[in-house]
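Going by the order they are written in, the chains are A, B, C and D; count residues from 1 in each one.
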């Protein structure tokens, strides 16, 4: 079963582009905020993961764009995490407009676990205990 | 058959993060540069597409991260475009380190075609002629 | 007298660079969030200003960098606004680390007022009334 | 006397915002590219500076916005460097539209020199020799 968390934020002017919606790459920044806030809600902020020598580089990112969203729109992001295979973590994201309920963006990211020297790690028990 | 183009650029300091590699979201900015330069190489820069009333919002983006790349590394990006179904365009990207040949990032983006009012369009012949 | 507002936020991973602190350009994005939240606190969000035909392009930005701040650090930003001459607005910003109290960044931005066609405007009374 | 260098680039879609011009913070990314290319033109890329243990964090940034520039516009940036006082470097930037000659942005950044541990340094002779 996946652990999940809801986070509310607003589209920044910096997020917009000349098409009048958010620029496509900014969704991956939003996803990162989702991961940060999810790990905080789980009781162990990601900054602590790095302090314990575990880094979570992306191996894959996927985004589906469903609807536009403009400057200052209030968005709600639901972020979930689960294990993927033996050595990876899968985060999934769903962002909708908080006012209209319209689905804006969905997606996922897959993360390897590595130590400070870039060597792959299996998830330590303090991580699997958090998630499961 | 897909039309393709090669573009060389360097990792900016702005692209890096505290893990010492490029930040994951920046790849989608690179992909956009790939699309821009590909359309220019095809003889009709994307700015002309918008001037003719055709906009290309993303409906899907996918990125695979293969290796790190650091500030000032010279990267080479091969961008290709082809039709996807009746009404969409598929761009694919492959970025490797120009010096070492190492594959850094691969991915694709799927684009709808819409007019200024957001209404879906089929690709006009001046686009399909460019691509095929 | 200036109207001011305090806003709390965290350094995103996207804000960091390989020097291990926030990347210098991100401060101007933070300032923009400060302006947005200040105008909301004043009772008339900036999105309403644009809806009423008033745009606030920057004519000048200035940033002083005092100390580093890392991923996930909680920062507090105090944003103030006042008139500058007859036709401009001056926003000033002070960002400090919420935990340590250390000053991180100070700065200001100067804004012209223009209409949708880019023509300069004097601040309408609904703006000067808000500020004074 | 200042050492200077000219660099040509295009406005990315990622640089734009919903006002239809470049987003204000992106100018500081452009300035960074100017510094990188200037140091390369001087014969010692900035990546070498860091390899030799010299880091150049910003202590001050200043930007004046003169005119708009849109997606795909070709811009030309002239970057210069000189010493400021005993222990700092001053970079100045002037960006104009390559096609129209219109001045888009001018500005400067002031940089301290620090070592890997964040301790202030005086510019080593290999730097002052480069500049003077």
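To be clear about the criterion, a residue touches a chain if its C-beta (ideal position, glycine included) is under 8 Å from a C-beta of that chain, and two chains touch if they have at least 3 such contacts.
The shown structure was predicted, so the numbers you read here are calculated from the model rather than taken from an experiment.
Set against one another, A-B and B-D show the most C-beta pairs in contact at A-B. Taking the CA centroid of chain B as reference, the farthest chain centroid is that of C. Averaged C-alpha coordinates give centres for chain B and chain C that are 33 Å from one another. Computed from the mean C-alpha positions, the centre of chain B lies at a distance of 27 Å from the centre of chain D.
Chain A and chain B have Cα centroids separated by 23 Å.
Contact with two or more other chains is made by residues 13-14, 25, 29, 32, 71 of chain B. In the complex of the two chains, the chain C residues touching chain A come out as 10, 12-14, 29, 32-33, 36, 45-47, 71-72. By the touch rule above, chain C contacts chain B in their complex via residues 13-14, 16-18, 20, 23, 25, 70-71. Touching chain D in their complex are the following residues of chain C: 19, 21, 24-29, 32, 55, 57-65, 68, 109, 118.
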